[in-house]
Every structure is written in structure tokens, then in C-alpha cells.
Amino acid sequence: MNKIGGFAVKIATPPMGWNSWDCYGAGVTEEIVRQNADYMAEHLKQFGWEYVVVDIQWSAPNAKTHEYEPFADLCMDEYSRLIPAENRFPSSAGGKGFGPLAEYVHSLGLKFGIHIMRGIPRQAVHRNTKILGSDHTAREIAKTNSICAWNTDMYGVNPEKEGAKEYYESLFKLYAEWGVDFIKCDDIARELPHEESELILLSESLRGCGRKMILSLSPGPALPEKAELYKQTANMWRITDDFWDKWELLYQMFERCERWAGHSGAGHWPDADMLPVGAILQDYSPENRSAFSYEEQKVMMTLWSIFRSPLMIGSELTKLDEKTLSLLTNTDIIAMNKNSRYAHQVWRREVAGTEIVLWAAACSEGGLYAAVFNIGEAACDIEIPLTDLEVYEPVVCKELWTAEESKSENALKISLAPHDAAAYLLK
Amino acid sequence: MNKIGGFAVKIATPPMGWNSWDCYGAGVTEEIVRQNADYMAEHLKQFGWEYVVVDIQWSAPNAKTHEYEPFADLCMDEYSRLIPAENRFPSSAGGKGFGPLAEYVHSLGLKFGIHIMRGIPRQAVHRNTKILGSDHTAREIAKTNSICAWNTDMYGVNPEKEGAKEYYESLFKLYAEWGVDFIKCDDIARELPHEESELILLSESLRGCGRKMILSLSPGPALPEKAELYKQTANMWRITDDFWDKWELLYQMFERCERWAGHSGAGHWPDADMLPVGAILQDYSPENRSAFSYEEQKVMMTLWSIFRSPLMIGSELTKLDEKTLSLLTNTDIIAMNKNSRYAHQVWRREVAGTEIVLWAAACSEGGLYAAVFNIGEAACDIEIPLTDLEVYEPVVCKELWTAEESKSENALKISLAPHDAAAYLLK
Amino acid sequence: MNKIGGFAVKIATPPMGWNSWDCYGAGVTEEIVRQNADYMAEHLKQFGWEYVVVDIQWSAPNAKTHEYEPFADLCMDEYSRLIPAENRFPSSAGGKGFGPLAEYVHSLGLKFGIHIMRGIPRQAVHRNTKILGSDHTAREIAKTNSICAWNTDMYGVNPEKEGAKEYYESLFKLYAEWGVDFIKCDDIARELPHEESELILLSESLRGCGRKMILSLSPGPALPEKAELYKQTANMWRITDDFWDKWELLYQMFERCERWAGHSGAGHWPDADMLPVGAILQDYSPENRSAFSYEEQKVMMTLWSIFRSPLMIGSELTKLDEKTLSLLTNTDIIAMNKNSRYAHQVWRREVAGTEIVLWAAACSEGGLYAAVFNIGEAACDIEIPLTDLEVYEPVVCKELWTAEESKSENALKISLAPHDAAAYLLK
Amino acid sequence: MNKIGGFAVKIATPPMGWNSWDCYGAGVTEEIVRQNADYMAEHLKQFGWEYVVVDIQWSAPNAKTHEYEPFADLCMDEYSRLIPAENRFPSSAGGKGFGPLAEYVHSLGLKFGIHIMRGIPRQAVHRNTKILGSDHTAREIAKTNSICAWNTDMYGVNPEKEGAKEYYESLFKLYAEWGVDFIKCDDIARELPHEESELILLSESLRGCGRKMILSLSPGPALPEKAELYKQTANMWRITDDFWDKWELLYQMFERCERWAGHSGAGHWPDADMLPVGAILQDYSPENRSAFSYEEQKVMMTLWSIFRSPLMIGSELTKLDEKTLSLLTNTDIIAMNKNSRYAHQVWRREVAGTEIVLWAAACSEGGLYAAVFNIGEAACDIEIPLTDLEVYEPVVCKELWTAEESKSENALKISLAPHDAAAYLLK
């Protein structure tokens, strides 16, 4: 049993926002961030979208795509802390860091987030640079054989070394000064149990920094046996490796969500990852668009919402088409993401020649959510007995995508294409 | 994915009743069954208790204790079907089977159940006796190397053999004629996947017999990866090996219940096994009593009820003391067993020097159930923030064991002895 | 570590003989046994072949093929011991058992063996028959849930029960009276560790019976971690499930032999199973012949011989063709089977576009055996450096299949077809 | 199956020598190496001892003990190759590397070896230094997340990168110029399968360097399933983690040796690690001596010798006492190390209240080696039947430690203290 206290920030509903990874990889620039923030403020904010998150390697002057450059030289301050590359984030000039950009995002009524990697920069260790508030140096706190499997930027930090605590505290103090609201910390979620003590130190340091920040852990898949630890240290944690616009990955998410559903709660959400919709992979070509069909995107939005996953749009927002936009601004679906409670898979069966999944959840404003997914390869007309939902009398059902209301005597009657979904509020 | 249809009987709430195993092992007699049924009708029926179940080896004339006699000669009809031993169940004389006893139990407003073992009697196979409705014989349908690990009475039945279906149909036809309402089938729940096809055949045969009977599967632990199959074939299935009055077993049940909570639903309940309370092990000595403390019994009743386990009393009912009786007749707790929905463990943590577990569930009549368990070894005074339950405003709380109501501003304030529990309805 | 003593019979070289299984399954008759014994005495005895073994189910009057009849009625004496079916073994009439047949085989200068199953006959348990030399009965010593996975004849015997020792002693006393020289015991070699104590009891009983009998354990694969136990309890044990005339099985034998090579020794040999050569499966059709090519049979004989496997011919002997006969009567190869010591795989590599395996062994009469196998799919001309055999000077090499001698300066030069082998004695 | 060819150097007998690790850790100096070489030439050479090996971190100016300094600055040439620290190896001044020291060792009639770590120096990667014979740089060939678990000196080299081959070739070219005869390569033996391709590249580069060098792989335990690869790429490979003077480690070596015995051969030996005898751990205190008793050292020398492990003395040689020296200069034991063939464990049993292990091997000069170990905790008088060694007639036995000869009729009669051994040559 875990002994640590509940030190994660408490918020009531899962974060919603935009993240630069799916569209720009490691190469996003300040200009792009501002244009997406502007779009969000104008078109999405009223639906609940609020976080604008700069993803990985913002301190690398030459980062341009989804590929990482091994042993890249990074921008760093004298205290072993990475700072934005000025050529990519001009407003950071003069030691201002992300302060001006955060201020701009706040001015739009939105919140600002950044990506970090667990640990201390490799180059700080090799240059043996200083740690703010400590006589110890980078070399002394590095965990010598803890390095990320896919990126050379950092060494892990050994929490047992003197100076480790001061390093992490100095980091979050800096981010608090900048006005950061959201930290996506990488190379840490699936790195348990061996990096457990570093996660705890990091989480405690964040909590003590004096500013409320959401802590999001990557990459997945997180370890189910560590659920209690994630809940106590973080607000969200990835239950999957990077999720992209492939049906196979979406199909697999049903099993992941079933396993993790019981761990959603006040301020802590298993995270099914970003929504790869619209204009993604823009660093490779401005023509790129999500490979998911409209119906598959409904499947995704329905599952993410009843499951209460955080929602992070992967698209270049200014290129959103009407149909995709409609999926992201359906107020009933977004309400389900906020009000769903105790969501769980009721069953998953072969029915009528296809594979059907039924989820249910309580609605915190009364009534019952139900979601029906056709994840097989055949269209179907099916009836789900209300008793399967433990409903023993007629109810009024609202289908959330169509907004149609009807009275059900004893079954939900549904027609679904393959890779399609329906969502209901029963009252 | 499983292809079979939903063939289990649908009932709305978990069965409640009495079973002869904990007090009499394999040796219960008609006289004892009648005396317990009489007691139930008089003292327990009004609280929801209704099933009276005769456990294992009622066809063995010499069975007397919890020990099985290897290769015992059993009473059997000409069609390879076991029948009650007349010396133990006199009313069965003249080929009437359990008909007269079932009729008596029904006359009290109660329901009647029996235990069976998967398969066909060993002695039928060796005598190569007939199967009703088939030209095939016992020897032909036996699965030659499928025998129970702890009892020699039966061979498994091979569903691929002609005559297998007729055998199982003839069994349930007989039980329907007797008026049986509840079948506890043994040597089948943890025997998956190798006996999966026999479970399906047995379940289909029961469903087709023309009488509504609850199907309960033993022994546990059932296999989590087969949850969907249990839900479709049975009404309840054991999630544990035999549960007895030892704290260690009760402690372990928290993990089992957490794992299985998502699979409770309409007509299908993971089963935490009988309640070993009061006068148990009566076949060894009439002095024997449960080793559980009063508080431990509260822990058990609270967990079983919020989890919605079926409730089966193990005690000789006529010897129930007042305090134990009060635990079994608390109307709020029994209501929780019936009305709890979407129960799940919220967290399990070391708090205030002891180990605390928090469960929550929706109440189907409105509001929210919460249960707090102290499963550590120190007494504690703790406060559970209402936000942990995703309650963000003051609520009225009723503690179900004491019936005390109070208003909570932002936390549940609880004092618990070690091995103790509290249960709340929040509205 | 195992505490038991070395109770197996010591003989210097692996048994060679004939076994009825490959040609007649469970259905061999006395007439067939006599005709094969006659053939062996006349044509094979001078090459070292000496055991004539009657395989499974000689007590079943109706056994005819390789299929077992479930719950077959078997011939049994009053003491729960199986005896030959008189209709198949006429000389056993009048309670003489296998005595007359053994006597006949002995009169030819050969030795006589029988197959048995671990345990006590199922029908003895159900009839609860007597045990010679004990007041206990069959039912009392049966291990109730220990039955063979593929045959219904027996229950295991529980060595902890009184009467178990007397039962096994009475068995081997009977076989000693009959004049049996070789026991092939089935359902016991791969049944460890759960049937370990029964193996030990059986082995001790055999050893105490007053007659020297070889003990052979089946079926395989035996468990490598139990090698020490097999060595102490038995003379040979199967390292494979039934071996038949399929290249895939022969290919896999190389890995099995490599693993087990270190465990051959004085009186104890890992057993690669019968040689499915010549006229096999005669119970299905007299036309059936081995599917192995001549070269594949050379591969088999070479591997079995350098590895020192026992050699048991599976063919109906009277139908042996000249070419097959030549493989079984090559005196150099048979000498290798007797004189090979410390055999082991030297390497296994892809060489010259095919897969080559090199084995070496010391020759107990001086010199060094080497065997080269082409188990890939291409023909090859290769040179094996003598240094690979730790030979650092020129040697005289005799190829055993061709009897050609040559002097090697520094390499063995070999041409091999796919699925072919060569064997050498280097001096 | 492995496709690579046999590229390891072929020598006829296992290397024997001295290695600085057990006595000086990472801190050995030229002066110490010379004094041990002098001693070897004078007192040990005539018994077969010949290699003088400088162990780990000879390029670290500050290395002093068995502890490694994380991120230590190492001496390196302009081509990313580590060179000796001049302060510790003065003769290396002026770019001469280990040339002068090797020359000195050769002048004594001995051979010279060095330790290396797989990979390219960390500091070369961070400084992005050149690679001899290639336009590529250190940073480009580093395998970014392949670092040693216990030492920060190196990154692995990615064999798929251009420049990788040139780097390794430049390394061994340098060592050849120095006159190195023996390479102990670390962080590579148990690092399979993930570093398999680096091992192959390294081995091929060594083989192509134009000078015959022994390749020794560390650390252990090596992977049994990779035996064929070790045999083809190296001359010796560690079958154990670091071996020290603890009985428990010696006890465990019996199982390791049994598993690996079949893989000793011409030029390739499983390596049971250094002999921690005499004055070891001298970097901590000149008073330190091996904790093994004299008899335990006999056990070790007997096992290592019949098994044909390489023999590397761990002691400061100049401090060897007479008794230890006698163990290292027993000509019969050393002859067994050279002449043993096909060694294997015959059995391991509880005999006479203690645990006895019997090994046997052929002697390449005729006759048979046998070794008997008492690895239990009681003294014993035992008789080993000659038939256990497959000897069926009387033999002359020479016990190698006492040099006593006797004739054995049918058994070896042996008295052994606990943790003691005897070794025999039977003719």
C-alpha cells in the first residue's frame, strides 16, 4: 500500500484544450501557438476548451518535426534549467522564458501549458552546472543509468541525492513565475516502478510551488497496479502509447478504458490521449488530415466523453472544417464528459453479426448515460433491453449526437453503421 | 469475443437466503432444512431473505460432515440422475425426490434451492446406465479425464457427444418437476476455460427447462477474463474459494471485490460467498460459533452490500443471537444491497497510521452510497473530503448502522476501530 | 535435492529390441509376438537385439487398434491385478499369465517385456476388490483425482495409503513369476512432480521383487529438472511424446537430445523413443510403411546411436526390407550405441546455406566419435576443422555407414544431401 | 539459428593468468602491474600462468578503488579512443599508450591484457569528437539509450550507423599496435539479446585487426540460449556475476557449471571468473585475505579445472603464502585444466547425510578424470561405485591433490570434510 498523501490539485472536470504535438511534433513556434490560442478564444472557449499546451523540445533551436535530434544542444539557464529557444519563441528573449506567451494566453481568457521531460538536462550533467538553492551540482544528482529510451535530452534525477529536491523546486518555481497552468511531464508514467520515487519528488515539488498547475503524465500505457499512485500524484495519466488516427488503436482503446474506468474521480483522470482530428502532421505537409472517418470520430468522442478522458485537440485549429468542428462543439457530449460518473463497460458481445459494446454511467445532474458502439465490421439494427441498464420502467431517451428525444418502453432501438456510436441520456 | 446469447434468468436484486454448507457440510437432513425454513419464514422473510438451499451430497446416505467419502455409493434413478437419500430426506420416498420438501418451503412463502456437481455420476458411467430421451448411455457421454479435484462423485460430460444435451435437459426437467428455484452448481466456475462448453450446455439446458431457476456457480475464484461468459450463463459466480470466518480472507476480499465490481448488473452478480456468522460447523459441535468479531461482521456486511454480493447465511438459523440477528436485519444495509449501482473502490490508502478503503456507489433511488473501512490494525479518527466522492456542496449523511443523520459541510468525519466499517447514504 | 538412493538396475548398454506399439497399437496378439520373436532370434539377435515387448492393453479382450476404448472391461485377477486377455494370449489360460509366452521368448535366447500403466484398475476401485497381502482394498488406495489424460483404465495409487505398497509389491511379484525382464510403465514420466511419490514407490517395489527387470518410463517429454530422479528410479525415460515418421519430429529431436545428453550413464538412458521404420501401423493396413526416407533413417539411427538412446524397432519384423534391415544391422553403428561416452552437441550452425549439427563423443574402446547431420534443406559440401573436435593432429577416420577409412590432415570433408548424416570413428 | 561464422581465435587450452580487479579494483598502477608480472615470470610461468591483465578504468586519473566515479573525466585521444592515464601508467606518456608496458611483459615471456567497456566514451559523444578513418563523429554512432547500468563511461555503439565499424576497427588497430594479447570486454556478455549486433561487430573488428588476441566477455551470467553465439564470437565468457570468496557463490557455481559444461571446446570456454585467493581487496587494506578455507579453495580449483574454466588469479602475487601457492602450482590439477574433455556432472545427491557431487571427464592423454565434491555440511566416508563412471573393471586411481596412487577394484573410497573435494585420474 502506498503511504504518500493526496498532493494533486483538485479540479472538478477533466481538462479540455489544444496541444501542439499532433500537428507540429517537436517544432511548434510562438507564432503558431498564438494563432491557435486566438482561434480557441474565438470559436471554442465558450464550449469549455481552455488549455493551450506547447509540447516537447521547445528549448531546441533546430527542432522542426516529429523526429528528435540526438544530443541536440538545448537552451538552458545557469541553473541547469531548460528555457525556450529564442529563435522559435521570440518573446522569451531577455530571460523572460514563457512569461510573455503565458500572459498573452491568459489575456484571451485561456490557460497555458508546457511539456517537460523528467530529469535534468544531459548537457547540465556533462557541464556539471549549478542548481539553484543548493551547493550541489547537476552531476551529483543525476541518476547515472536512467535515461529516456527515445530521447537523449535528460538524465533522471536521483531523489536520494542532496540537491535533487532543490532542483525540482527551482524548476516549478520558474514555471510558476512564467504563469504556467499545466505541466505535461514525459518519460514518467510507464517508467514505474523504477522511477516511482522521482515521480513522487516531482509531484511534491510541483504542489509546493505556490501556483496551481495541472500535472499530466506521459507516455502510456500506465501500469494498472500503480493506479493509486497516479491518482495521488497527478491529475491525468496516459493509459496508452501515442494515439493516432488508426482504427486499430481506437479499437484497442475499449479494453484500456474498461480496465481504467474505475479510477476516474475528483481531479484525477486516466487519459486516452489527444484527439487526432482535423489538420494534423502539419510539420510534414499542410495537406495532411486525420484518417478517421466522421463516424469513427464519433466513436472516439463518445468513448472519451463517457469515460471522462481529458480532451486535447490535435488539429491545427485554424484549419478545422465544419464537420469536425461540430464534433468538438456538441454541448451534450461535452456535458457528458463533465457530468459522467462511475462510467463502466456493461458488456461487450457479438450481436447481430457485429461486435457491440455497451457503456453506462450515472449523470451527476440526474439520470443515466448510455453509449452504444458498433466496433465490428457490419451494420446492424439492434435493441438493447433497458433491463441491461437496470432500468425496469419506461424512460425518456435523448440521443446526444442527433438531439432526438424519444420514449423507450423496454429497449433502446438503434441502427449503427460499422465503426459508429450512439450516446444517450436516459431520464 | 464470446458469441453466446444472454440466456441467464433476469432478476433485479441479488438473491438472499440460507445455505446448509457452513453449518452442516455434506450432512444436512430434511429435518434441519425444515427447521431453518420455519425460522426464516418467521423471523427473516420480512427483511428480504427467501432462498433455502440444500448443499452438496444430498444423494449420499452416509454423508455426515464436511468431509467427502471417496467413491461413495449414491442414490440414483434409472436415468443416471442423482436423487435424495431417503434416510436423510424421508419425504423423497417413492420417487418423489425433493418435490415434497420444495412444496413445504413454498408453502412458507420461500424459495427452494439445491446443490449439484457438474457432470454425470461416476457410478452411472461404470454401470453404463441409461439417459432419458436418448439411445446413448452414461459411458458414452462421459468426458473420460474430467473429474473434480476434490470429490469422486462425477465425471464431466462431453458436450460434443450425442446424448449429452439430453442428459442435461433431463436433469433440469426433473428439478423443474420438483419445484426447484435455485441451482448451486459446483466444480464449474474456476474450471474454465477447459470446461467452458459444458458450462454453456448446462446453462442452456437450465434455461430451456420451463421453470425459472437462479444459477449459481462454484467454486471460486472465478476467472476475471471470463467475466462476460459468467454474466451470460449464470446469475452469480464465486469470486473466491470457500470463505470462512478468518480476517485474512475478509481482508483479501477487498481486492477481489475491487476487481469484480464492474460486473454486477441486472441478474448477474459476482458472489463473495456465504456469510459465516452465528452457529456454524454444527456437524462438528453444536457449540461452534463464528470467529468474526461483531465489527468484522459489520465490515463483511457493508462490503457485501455495497458490492451487491448475493447474501447467503451460513448459520443454523435457530441459534442466531440477537446481535448477529441485528446485523442481518438492518433494513438500510439490505436496501443498499438492493439499490447500490456502479459500486467501486474510490481509493485504498494508508491514512492516520492505518489502512483505509473508500467505496462509493450510486443509489438507484437517488443519492450516493459511501462505505469506509478500517482494515488496518489501528483505531483512527479521519475526515474524508466530500470532494473525494465528487460532492462539491454540503450534503445530508445517514450512517446506516447507527441510523444517525447529520449534515456534512465538506467532509465525512469518522472514528473507526481496527477491522470496522461505516456506511452512508448521502443526499 | 533428492534423498532417495540409486535403486535402478545397472546394465552397461542401452536396451535394444522390438515393441508392438508402432505396428499393432493396443491390439497385438500372442501369435504376432511369437512370429516377431522368431524373426529376431534368427536375424537380429546376433547384432545385439534382444527385448520383445508387448505394449499397452493386453488385458482388454476387444482392443484392436491404436484407439483406446473408454471404460473397457479388462481381465483382472481377484487381487486387482490385470492379466492377459485369453482370447488374445491363449497360453495365458488357466491363470498362467504371461509365463508361457515369456518362457518361449527365453527359449529363443531373448528377453521378454510388457507395458503397464501406473496405478490400479478403475474397475478394481469400483468393485472395491482385494489387495494381495493387505487387509485394505482397491478403493482405499486409489488416488481419487489422479487419472490418465488419455486412457480410462486406471486410477493412480496414493503411496501414503496403507495397502499401496503391498499392491505394487504384489504386481511385481506376479511379473517376476511370469519371468518378465522389461517393464514399460506409462502415464508416469511427464506426470512429475505431482506423481513423484508414486514413481518412487513403484521403482522401489520393482527393485525389491527379486528379479532383475529394466524399468522404462513413458510418455515424454520428461522434465529436465527431474533428471536426477529418473536416473535413480529408472533405466530409461522418454524425452519426447510419441515419436513417429515425420521429419518435423526428427528435427526437434536434436534439441531434445542436446538437452538430455549429459544424463546418459551406467544403466540410465534418456530415451528418444521407438524407431518407426519398416512396416508400421499394421493394425490399419498391412500396406503401411514408414514415411521416412532412407537418409532420414540414417539421421535417426546416427543420432540415437551417438546419443545412446535405447533402440526399439517399431516394424513388423517379418516384413523388413533389405535396406531397412541394413540400417538395423550395421555393426559399427550398433557399436557406437554401446561404446559412445559423454556424447554432446559440439555446435549447430548455418553452414554453406544449410543447417549443420555436429556431435562428438568419446569411444569407450579408444578414439572419438563424430556425427555430422545436415538438417537443413540444401545439399552441401563442407569441411569440419578437426580443431572443432579438439583434434590437433592428423587422424584416421572411418565413416561408419560406408565403412570407408581415410586419413584426415586437418578437416573432415563431407558431402551431404538434405536430411542426411555421416558418422565417424577417429583414431 | 545463428548465421555468423566462427571468427574467434582458436587456442587449445584455457587462458591462465593474473587480473588486477580482485586486489586493486579500478585503481591498479603500472608499478603494481610490473611487480606482479615479475613475480609471475619467476614463480608461476613454469606452471602455465602467462596472462597479465589490467582491469577497468585505466584511463581515469583519479580511479583508486572498487568504486566507480560517475561522469569521471577520462584520458582520450583525438579519435574518441581511451588511453591510459599517465599519472598511473607513466610509460604511456607521449602517446605510447600501453605499448611500453606490453613490451615489458613480453620481455618476461608473458602476455599482456587489458579491460575495455563496450561502446564509445560518453565524453566523446558529448564533445562530438572524430572517428579515425571516417567522416562520421562520435555523436553519430552512439546508441543513444544504451548505457551500462553500473558505470557512466560509455555509450553503446549502434552497428547500423556509418562510422561504427571504423570506430571499432580503429580501437583494435590501436591495441594491436600496443601489443595487447588479451581483451576483457565488459558490459556485453549478459547484455544479450539487445546488444547482440554490437558484440558481433566488436568480435569481427578484433579478428580483423591483424594480431591474435583472446576475447573475454563480461559480466555474467551469460545467457545459456546464446551459447552458440558466445562460442563463435569469443574465447571465454562469464557464466556468473562477479565471483567472490563466499561459500554461497561457490555452492551456486556447481549448478552454473553443470549447465554450461557442454559448451567448452577448442578455443571457447565458459568462464567461472577469477580465483579470489590470497591477498585480495588490497585497495581497501593490505591486510585483506581471501575468506575461503584451504579446502574450499581445493573445491574451487578442482571444479574450475575439470570444468576447464580459464584460471585468473585475483591475489596480489607477491603476497602469496605457501599454501595458496601450492594450490596454484599443482601440476596434476593444471594438467586436468588443460586435458579435461567432455566434462559433465554425473550426479548430485544426498549421500551419507551430506550433499555429494560427482563430475567426470575424459582425459585427452588417455584415461578418465573424476572429481568428488562434498558441498554439504557434514564430513563423510563414501564409496563411489566405479560403475557410476561406467568403469566395469579394476583401475589404477591417482588422487591429484595428494598424488597418491591406488588400485580400485570396484569403488572409489573417499573421506571428505565438509566443503572439500578430491580429484582422480583413472587409468
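The letters A, B, C and D name the chains in turn, as written, and every chain counts its residues from 1.
We take it that a contact is a pair of C-beta atoms (placed from the backbone, for glycine too) under 8 Å apart; a residue touches a chain by one contact, two chains touch by 3 or more.
Given the structure is predicted, the values throughout are model-derived calculations rather than measurements.
A.B. asks: Going by the touch criterion stated earlier, list every chain that contacts chain A and also contacts chain B.
C.D. replies: none
A.B. asks: Can you work out the rotation angle that lays chain C over chain D using Cα coordinates, in steps of 5 degrees?
C.D. replies: Angle of rotation between the two copies: 180 degrees.
A.B. asks: Express in whole angstrom the distance between the two chain centres, defined as the mean CA positions of chain C and chain D.
C.D. replies: Chain centroid spacing, chain C to chain D, equals 42 Å.
A.B. asks: Calculate how many whole Å lie between the centre of chain B and the centre of chain C, each centre taken as the average of the chain's C-alpha atoms.
C.D. replies: 52
A.B. asks: Hey, how far is the Cα centre of chain A from the one of chain C, in Å?
C.D. replies: 64
A.B. asks: Can you list every residue of chain C that touches 2 or more other chains, as numbers and ranges?
C.D. replies: none
A.B. asks: Could you classify the connectivity of these chains, where an edge means two chains touch, as line, ring, star, complete or other?
C.D. replies: Shape of the chain contacts: a ring, since each chain touches exactly two and the loop closes.
A.B. asks: What are all the touching pairs of chains?
C.D. replies: A-B, A-D, B-C, C-D
A.B. asks: Can you check the complex and tell me which residues of chain B touch chain C?
C.D. replies: Listed in rising order, the residues are 70-71, 122-123, 125-126, 128, 139, 142, 144-145, 147-150, 152.
A.B. asks: Going by the contact rule at the top, pick out the chain D residues touching chain C in the complex.
C.D. replies: 1-3, 6, 10, 12, 228, 231-232, 258, 261-262, 265-267, 341-342, 344-350, 355, 360-362, 364, 387-390, 392
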